[in-house]
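To start, the structure itself, in structure tokens.
Think of it as A, B, C, D and E in the order they're written, each chain with its own count starting at 1.
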Amino acid sequence: MVSFILRRLGLMIVILFLVSIIIFSLVNVLPGDPALLVLGQEATPDQIEALRDEMGLNDPLIVQYFNWVVDVLQGDFGNSIRDNTAVTTILMQKIPVTLELTVLSFFFAILIAIPAGIISASRKGTAWDYSSTLFALSGVSVPPFFLGILFIFIFAVTLGWLPPSGYVPLTEDFGRSLLLMLMPALTIGIRLSAELTRMLRSSLLEVLQSDYIRTGYAKGLLEKSVVFGHALRNALIPVITVSGLQMATFLGGAVITETIFSVPGLGQLVVTSILTRDFPVVQGAVMFMAFAVILINFFVDILYSVLDPRIKLSGGTK
Amino acid sequence: MEQATEANVKQKIPNPRVEMFKAMMGRFFQNKLAVLGGFFTFLLIFMAIFASVIVPHDPIEQNYSEIMMSPSADHWFGTDEIGRDIFSRVIYGAQVSLQAGLISVGIALAVGVPIGLISGYYRGFWDEFVIMRFTDAMLSFPPLVLALALAAVLGAGLENAMIAIGIVLTPNFIRLIRAEVIAHREREYVEAGKASGLRDWRIILIHILPNTLAPIMVQATLAIASAIISEASLSYLGLGTQPPDPSWGAMLADGQGYLSDAPWIALFPGIFIFITVLSINLFGDGIRDMLDPKLK
Amino acid sequence: SSSTDGNDASEGDSDNQSEDSSSSNSESKDTLVIGLDDDPPQLDPHRSSAAVDRQTFQSLYNKLIDINENLELEPELATDWNISDDGLTYTLTLQEGVTFHDGTDFNAEAVKFNFERMLDPDFASPRASEVNLIEEVNVLGDYEVEIVLSEPFAPFLSVLTDRAGMMVSPTAVEELGDDFANQPVGTGPYEFVERVAQSKIELTRYEGYWREKPAIANVEIRPFPDANVRVTNLVSGELDLLNKIAFKDIEKLKEDPSITLLEKDALGYQGIHLNTEVEPFTNKNIRQAINLAIDREAITRVVFHGGAVPAVSAFAPSSWAAPDFEQPNADVEAAKALVEESGLTDVSFTLKINPKPEEEQMAQMMQAMLSEVGITMEIEMVEFGTMLDQLSTGDFEAVRLGWSGRTDPDGNAYRFFYTDAPNNYTNYSNPEVDGLLDEARTVSVQEERKAMYDQLSEILWDDAPYIFLYHERDYKAMKNYVKGFEHVADTMVRTESVYFE
Amino acid sequence: MSEHSQLEVKNLHVGFQKKKTFTTILNGVDFSVEKGETLCIVGESGCGKSLTSLSVMGLLPKTGKVTEGQILFDGEDLTEKSQKQMSKIRGNDISMIFQEPMTSLNPVHTVGKQIAEVVQLHEKISKKKAMEKAVDMLKLVGIPSPEQRVYSYPHELSGGMRQRVMIAMALACNPKLLIADEPTTALDVTIQAQILDLMNSLKNDFDMSIVMITHDLGVVSEVADKVLVMYAGKVVEYSDVKSLFNNPQHPYTKGLIESIPKLTEETEELPIIPGSVPNPDNMPRGCRFATRCPHAQPTCFNEVPPLIETESNHKASCWMFDQRWEEIKKEGEAYASRKETAATTEPVRN
Amino acid sequence: MQAEKKPQQQQNLLEIKGLKKYFPVGGGSFFKKDNTYVKAVDDVSFYVKQGETLGIVGESGCGKSTMGRAILQLQTPTEGEVLFEGQDISKFKPKQLRELRKDIQIIFQDPFGSLNQRMTVGAMLSEIVRVHRIVPRSEELTYVQKLLKDVGLNPEHYWRYPHEFSGGQRQRVSIARALAVQPKLIICDEAVSALDVSVQAQVLNLLQKLKRKYNLTYIFISHDLSVVKHISDRVGVMYLGKLVELSDKHGIYKEPQHPYTQALFSAIPDVSVQEKKERMMLKGDVPSPLNVPSGCRFHTRCPLATEQCKQEIPEFRETKDGHKVACHLV
């Protein structure tokens, strides 16, 4: 266990290091001068030069990278170029939003996926199975922005049941916060649930073929007990791993959903920051997202070993 | 005499390739949804290829006296905010989307397959500490964010969007292929090949690659579907196709503003993205079944 | 924390309000919720470069001089001003009894401090280009200050009506340094409470305000970059007031009985920078052909639904410098002839635009129009950051970019058309134009200046380094219980006078 | 009770639905197992041994179906019982052990829990009691320190221990009949010997009947009382174990026994049965072994041979033991000569 | 066949000296160097003479396959020499190894897994023939079809895919593949274990026939003692990575000397033995190769174990003429 954690920490550092290099280089080859964006059309070349100096943009890239990494290691992600707020402060404001959205989306996803997956796997080849498969495929196929737009059109514009968009922190107004999150969370949740249903179905089908399921029946268990007592847990193992790996996709998928529903989360932050060349914010936010993804996968691995006693948390390579 | 029997034999036994193909087709056609998906996929490809013949109007011709007209006999899907025929634009949009899907996946395959093959076959330091960690790093980025950043770096435009999506998809293929190769590398037929004194490249290309083709194909079809969505997303954010080329994503972005007055502007491209991606997904599922001889 | 409490209450209220049909219920409501088209990046006027910032400044800060609905100068922090005959020395008399939100007194020293801050090369203020003619600022008394320019500059007073005239608290600046932007302190009617980037900015009434205190206790500013979302939120009652609407919504909002739509000609202009140093725009015939080929009327009608008027010069109809000449209708034949005359064949160029639906529509319309006269125009969408970069390095053929406009015509022309001026992206250089622009700065008689600008407009139309397309009109949409809104052509949201009914 | 055999299978036909065609795999299987008796079913891979046992358990795959015949357990026909009724019998009256001990245990539950589950299911006792019973059972099958081992997961045990756990689970409710489908195939010989020993001693202690499936004739000689030899879904020989090895009747059984290399004898070349098992979709109409039988006559190909009692407790399904055999042979000779004159020889197929 | 393939009977074709193959476990990654090993093959020495068949028996996981692979250099041995015709092939370069593979071949247990499912049998065999330039291109087809006939298949099978064969036929294809390069030594790693008894007999006979025909040398790995006895001239018994007994087959089957060999033999259920003999039952399970017992590896299960067995590793020594045993008690 200790060796597992050490090893994972080591890996995490390597990956984060690579992520930092990738994002740093990416951001630095972005066309567009942040100094110019800060100063706007009114700026004189002298001013721009001065500001570039101040921001350290005239240093060699290696030096810039090094400076940035040293700061990051001290917990300082720098300040936003756009509004000079500390990146950490901005992140702290955004994280709860994204967290709320993510948790809610997963909640919806699981609420839909588990029953759908079980029904379609245990009634393979029936109309239930077909409709659940079709739902799952549709969910995967509908672009998130189209679904979001459709939701707004139906529930906010036409029916007027839900507020179209916006965000209120949970702490400020619990009910309203949830109400506002309903559509974005459903938009992400439906897609996620579609993926989960597909995965659960196929992994359940495989598990249901296995010998120990036959043993279960041979013991005299009824189908219900076999499915819930023996099959589900085994089938969930790959599903959980895959959803861990999909985490990155969902953090990213939220980008557009957040934009459509004006949810001020991390995704929107990254998009606007890329477009406004707010390098420190882009770097900080992406580092955080990557960190979150890695961390989640770390926990997924632990969960994995809890669910599956065969998996020992040892230092071995996969 | 030898000759005679040989000819004889060839005539008598049914060609096994044909038999295998028939069995595969059988499995494919058993999956009704896949057949439907395949049908639509080919219909869309047909549409894209013959767009210029099919369309009733020029997709970029503007008619300011026919702005935001609802669907009619002349304009099946209505007209958009500068009076263009949406049906014609949607048909042309198939070109963009299918290109985007095929080319970006092509890029990912072209880069991912060789790297995955070599990395998985030789393992060792490069595999463990460079390639795998690098793909790990790439995969811990939210893909859309990565695509967005790449597209911003490369500049807007369909080609660049395809390259960006291709790059984002690549690590997935590297991983998949590497895992497959590692699994096959330990299989006895590969060892037997080695034991027969075959060179590595021959083992990799002639023996391992064809055996990993099935999962690669499946992943590729699914990747085409997601590449289409990604292209639409980038176009939606303004980093995809350039106007006036009709991209479904861009049309959707334009139409979003007119949802309450002219919902058809956004609705039809949206439905087409959906149908296309769904068809390809279904088709991909069918191919998965087709390539799995374990299925009866 | 007391203000947070107040906030909670207001949230509850806005809830109730959306349940009752969103008409008049001003009694309980004490927060004005404003929707902006973007998140203001900067709350420090001397740092600000984005137009949207100014929307919040009007609540947080006072300017030395204000402009009224007819674009006439009005006293604000400066009660009176005096210009020396040589046009170099400006003497301002200041309002007494004004305090900053942090309690600091506003006086001549504060004014001096503010100008020095803007001029400080280390501070790299975008304001510097507006005030760089200032040679010195002298404190003449507690409430009297003298500003000396290095050369006569007629538009100087109008500069003071904008960000350069906004006064920030010297104490706060010294205390907070760069962090001032996150805790701005001005003299305005509202003081800063809290900001959540890209989510909201909260302001509350400044109890020590020197003029009549605003009627509404709190202001909340929320960014909605998506125009549809913004309007939907106004209609559904989440928002009370919008700074900008999508043009396609004009008719709809006009018809909506619960909404008041104010309309005003703005000061800016929109058009295309043609890089006169590269093919095909080295050729004047081509530039003129483009000028003639574009049907501005169609663009304003189709894309802007009447929310813009065709432009022929840098001066909007609201400005006194607007030229009198009629805009000629699109003339395909004449344009064709010009292309022929140019001797060039296969004329083609790439227009860079921002990725926005309206821009795309307009670009596609122009593309169609130009193709009729035999000019091929490619469209390339470039985000703003890249675009600014390419503009400054000259890496472009044509760029679709306008100017938000300044009160004084000089602010709309000099920086773009004077040889080597900072924003002369077109690389246009015409001694005659330079002469006119210089002279118009020194003369202070409006009629004389108008004649000069008229001449300028004609030359620019003829030379066509920049294709003027349209002047936007400014729309402010609000719930009809929002009253007292002063709609000025500078397009700012002035919250001071607003009240609920 | 004693008027019935413990298990009696009569004319069992089982097949699979494949798309539109129905393939019959088991084609009239008959046998019976008395109380306390061990019956071994042997035969080549794919001949339907497992299918027979699964039919008894009522655990055929969804596409499989019993089309004809009866399975009488204590005189009651199991083919007529519903799934619910069957679930009361399974694990309680009839238990089953499978070939692969690793995959037959659920990897995510402790072995104790898996044993206790059967007990709780059929005996309605408390969890704690069931767990105690699990410990007892583990002790019974000879697992050292069973108190700790109940908390082990299957992967923590060796193959032999896992198979013991399977046995413990199968015996937990004192079944009347134990079906063991190749219980030792996956194990090493030394471990196999331990398990076979264990099963033998438990059989005596519990007085159960056992149906043991195997393809290893050595194992048969160790444990069986009676042997059922199957070939391509049919019973070819059904006999007392001694009689079978001493005096195999059916050509297939003979070939089978001879083709095994013997430890005690030296042979340069092993006698073999030429050819391979025909495809289920393409079976000869008559005796299914006819394609490989050295004695086959045209009749063998066309008419199904009856199961003929050649000795007491020894039956074989072959025309050779029929009174008509001489007749059949003559007919065959006549046919062969006709064929020879036609001068077409069928290629020898291996 | 080539002339050099007819030498005097007594030459050592292959000699193994102190062969070891350790597998590191725990990945031995960058962050954590792990020093535990699976000692799959631990100090094994023996020789094989030209034209003889050496059988290797032992329980699952005792290292039989690993040894086979290490001999072939499919897995580089950790230590030890593999002398083939007097040359140490463990020091060969890749190019030399490829050449060597003309001389040593292997047949695997799983007749399905060891064939490339996506290639016709003919393509697979032709490829090998072509790569090693066994015959000119024009004769390729005839050569391969003859090969198919040799192993008892039809020439028509040239165009078939592996999945269209029965298990026995597939194993014949594997044999044909091994024969295609005209090897001197073939390692049969459980080559008949996956087959039904009736098919097994067919394949065993075939192997015998081919051996005579081509003067082949076999190392025959199996866990089936009767099969090994049937086919081998000499037999080696492995236990946990070590060779514990090695002798000609009459010696070992008549008078097994190592207690493990004795137990192994007595555990075989044999059809021909009708009177149940008294078994020598072993207690417990095979220990994990990760954690091998000290001293004699068998002492944990040996009914005769003494203190000495727990402490000292017994030497592998000759007790009789050509009969080697590793046991303190012999």
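Things worth noting here:
Simple rule for what comes next: contacts are C-beta pairs under 8 Å (C-beta built on N, C-alpha and C of every residue); 3 or more make two chains touch, one makes a residue touch a chain.
Given the structure is predicted, the values throughout are model-derived calculations rather than measurements.
Minimum number of contact steps separating chain C from chain D: 2. Farthest from chain C in terms of Cα centroid separation is D.
Per-chain Cα centroids separate chain A from chain B by 23 Å. Taking each chain's centre as the mean of its C-alpha atoms, chain D lies 32 Å from chain E. Chain B and chain C have Cα centroids separated by 46 Å. Averaged C-alpha coordinates give centres for chain A and chain D that are 53 Å from one another. Looking at chain A, residues 11, 30-31, 152, 157, 259, 275, 317 sit in touch with two or more other chains.
Within chain B, residues 128-129, 152, 155, 237, 256, 259 each touch two or more of the remaining chains.
In chain E, the residues that reach two or more other chains under the touch definition are 29-30, 154. Across the complex, chain C is touched by residues 30-34, 36-47, 50-51, 54, 79-80, 82-85, 90, 93, 152, 156-157, 160, 163-168, 172-173, 176, 259-262, 264, 268-269, 272, 275-277 of chain A. By the touch criterion given at the top, residues 8, 11-12, 15, 18, 39, 41-43, 47, 49-50, 121-122, 124-130, 178-179, 181-182, 196-199, 222, 224-226, 229, 232-233, 236, 238, 383-386, 388-390, 392, 403, 415, 422-423 of chain C touch chain A in their complex. On the chain E side of its complex with chain B, the touching residues are 29-30, 69, 72, 74, 97-102, 104-106, 108-110, 113-120, 127-128, 131-132, 141-142, 145, 154-156, 159-161, 163-164, 174, 177, 180-181. In the complex of the two chains, the chain D residues touching chain E come out as 44-45, 158-161, 188-194, 196-197, 215-222, 242, 245-246, 255-257, 259-265, 267-274, 276-277, 347, 349-350.
By the touch criterion given at the top, residues 60-62, 64, 67, 81-83, 152, 155-157, 237-239, 242-244, 250, 253-254, 256-259, 261 of chain B touch chain C in their complex.
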